[in-house]
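Heads up, the next two complexes both have subunit A, just with different partners, subunit B and then subunit C.
Moving on, here comes the complex of A and B:
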């Protein structure tokens, strides 16, 4: 299991950031991802893998109209 | 030209450090025109904009004043930063009055040229009190220091015609038309409580008058009741330092930095320059936040038909500058040109439609079950030219549609209108009826709170159901975000000072998706900071959008990316550079809080600023009906297990709905407790003397209002 925004979430080997965002239906363009506090650049979403037990923060940067 | 009823000369005040130091007062009953001084006390306690409006309004009225009382005022002010041309979004004007929908002060912000041109004509604020004995217009000539009040019976009512005629009338030639701005409502403001005020700006590329709207709370209804057909201001000579800034080089520097961000990042972020605020329609639907069929659900597969892609590729003109004030590189005021109208008095004509903005596409689209961009644009155009607040119209019509589809009212009771969800032709006919003051349209314009009473008393509708599904608080209709799964946003709407409008706080992603504010205290802190911060835009003349609809490339590295710290510092720098003062980001919040708490006390004074006035309809908090519960059954069942340790398998559907409701209503009560504590209010929602003293607002007139309530 991993944590995504403080909530437990299933993990599978080889899971990339992009795969996680797709699974969670996180389609918003303007997202910040941190894994165990470390920032992940958007260019690395496809290749950056997530490890079992990681704490993933997916911040949607929108504060409304 | 109509008869000149009053001709008044004045010497336009020279602006110093963002303020002209003068406000204009006109009493329509005797056509009295006066000048007032903007005092240092006003600047210190109220800053400008909404602060000045509320201060004047407070002294103009009594607790017995109603929206149509002669002493009710429309007050407008642009604020000390209003009109600078080096930064984006610097032309916002705040308007206030006692609202016909709520009975308390409404505040509504609007772009367009009127406010800045009014300030450059020498007026920091403008009060309009009393009622005229005939239809009039007020013309302010800022270059020549002249104000004329003119008989206006001969002019057309609807905004697109009226603004065009008056812009031509007061311009010397085509080049001069950009120097004229018209504030007016339209024929729809005559009969309901949801009339709005359009502010024009002439678009020389399209050769049409464009509009922004002071939409919320019935300001246009009041303008019409005062028999003001239009306000016109003319000022020639807008240039970069009309505000007499203390430090113009800092303004230039901050502006250049910001414009580079817009240039480099907008396409990667929100595409404001392509589609404006409607860029979020699909996102809202994908995150279950797009109000659909009266907020029953948060999206629909058909949303793809009204997606940003559709509007960009098929309807909205691209590549033209669309700022509603000079210097705005965000340029988000998009429009559809040469749009062919198919209904109503202008059927067959081609017009420019300002929009759709997000609220329009969501409210007049998904919330009415209308997934047809052409219909949305036609509704948008008619709301604007008729002077009708499209948010209140949309949310109110969605309520009517659900009442109809649930058998609470009949087609016959609606005068034959078949207001099924999705029937855009019936929606348009309802709008046309509102503009003519005929049939069911006349009734619909009264807003949800009145309609609930009428449907129950005259049509025998179920009062409990109508209370649950009528999306209004304090009498104002909700703006267009579904938010059942964000407790913080439930509070952001229902505890908002003027009523449920998102301009105080939009916390849905922080709360529901990012899980950044899990505890009641976290939510209360957010419901302190963001309303206070966002209030500030309306004090100084700024638009909220450039704050966080684009963010610096390194914003993610900051401790609090949701606050966009670099842009907050931009605002501190701009304020200091214009006024010569030396505030910091903490003082910025205090400036806002002074006005925020003042407005809350104002509500108390008008009989509506207590806990009882901050409750939301249950549709805001959770699933009212079986269909709603079933639409997200997996989620709701999970919450029963996790939050209440109940076994949904052992419960009937109605039992699960009731348990969910008990839990959510209790959560909301706990949120209110936490927010009231954080804002320095009693458990009944009254600002305490201690809090007022801490921010320097323990004014005798405020203490006199709150002390009997403590």
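Moving on, here comes the complex of A and C:
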């Protein structure tokens, strides 16, 4: 299992950031991802894999006032 | 005082006096800022310094409390000052019709107890965080996009905006595509005002985390950032 924001979520070997975002329907254009506190650049979403037990923070980029 | 009767006892008489002696800088008098100023004036924060370089336009009318069909073209901080003083003449309101920038940041932050980030772009928000850090002031940040809002409290020395905005080339977020909805702005700004009042009164609030609001799916989550 992994943690995605506040929720427990199933993990599978080889799961990439992109696969997780697609699975969770994070479809906004601007997404910020941190795994165990470490920032993951958008260009690495396809190749960065998630490990069992990881704490994944997924945030939408927003700046409106 | 009857004006504050319905603040009590959620706010004690002693706390009311504390609020009357405090000064808050609100940067941005648009959607978030308009509602934050309204809340702080009504609850009785004694001194408000409000800053914005813009005037009201028609596209503000869907969400900005201080805008109306009657005041299009009017400078936002002047409308904020007029409104706050009409709501509560006991509040001193200083209005600055200027764009917030590193050149004027220190002067605007001087003598304040808390700064409130109601800006609408990433570069200016980062400038404000840096200036608040330099001034040793806590900063209450909020941002909105569509149905989503976010609030965090940045204590001096923290760099939470660096975590939220890691790509310095970005100037805007999802609000460009999703717009900004009236109830998202009102809820987010109200929570931002509540965090501001908690700071002024020394009550525990958000620390090292963000409050993530999703009005479409009906959730409010506290997410730890560091």
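Points to keep in mind about this one:
Just so it is clear, the second predicted complex is superposed on the first by the 62 of 65 C-alpha atoms of A that agree within 3 Å, B and C clash if a C-alpha of one lies under 4 Å from a C-alpha of the other, contacts with A are read in each partner's own complex, and residues count from 1 in each chain.
Here is the rule we use: a contact is a pair of C-beta atoms (placed from the backbone, for glycine too) under 8 Å apart; a residue touches a chain by one contact, two chains touch by 3 or more.
Bear in mind the structure is a predicted one, so any value in this text is a computation, not a measurement.
In the superposition on chain A, contact is made by A:37 with subunit C only, not with subunit B. By the touch criterion defined above, A:20 lies against neither subunit B nor subunit C after alignment on the C-alpha atoms of chain A.
Of the two partner chains, subunit B and subunit C are each touched by A:6. Residue contacts after overlaying the shared chain place A:56 against neither subunit B nor subunit C. Overlap of the subunit B and subunit C interfaces on subunit A: residues 5-6, 28-30, 32, 39, 57, 59-65. Interface residues of subunit B facing subunit A in the complex, by the touch rule stated above, are 268-270, 277, 280, 282-283, 286-287, 358-359, 479, 481, 502-503, 505-510, 513-516, 518, 530, 544-545, 548, 551, 555-557, 561-562. Residues of subunit A that touch subunit C in their complex: 5-6, 28-30, 32, 34, 37, 39, 57, 59-65. Residue ranges of subunit A in contact with subunit B, taken from their complex: 5-7, 25-30, 32, 39, 57-65.
The touching residues of subunit C, counted against subunit A in their complex, run 28, 30-33, 118-122, 125, 142-145, 148-150, 163-166, 170-175, 177-178, 180, 210, 212, 221-223, 225-226.
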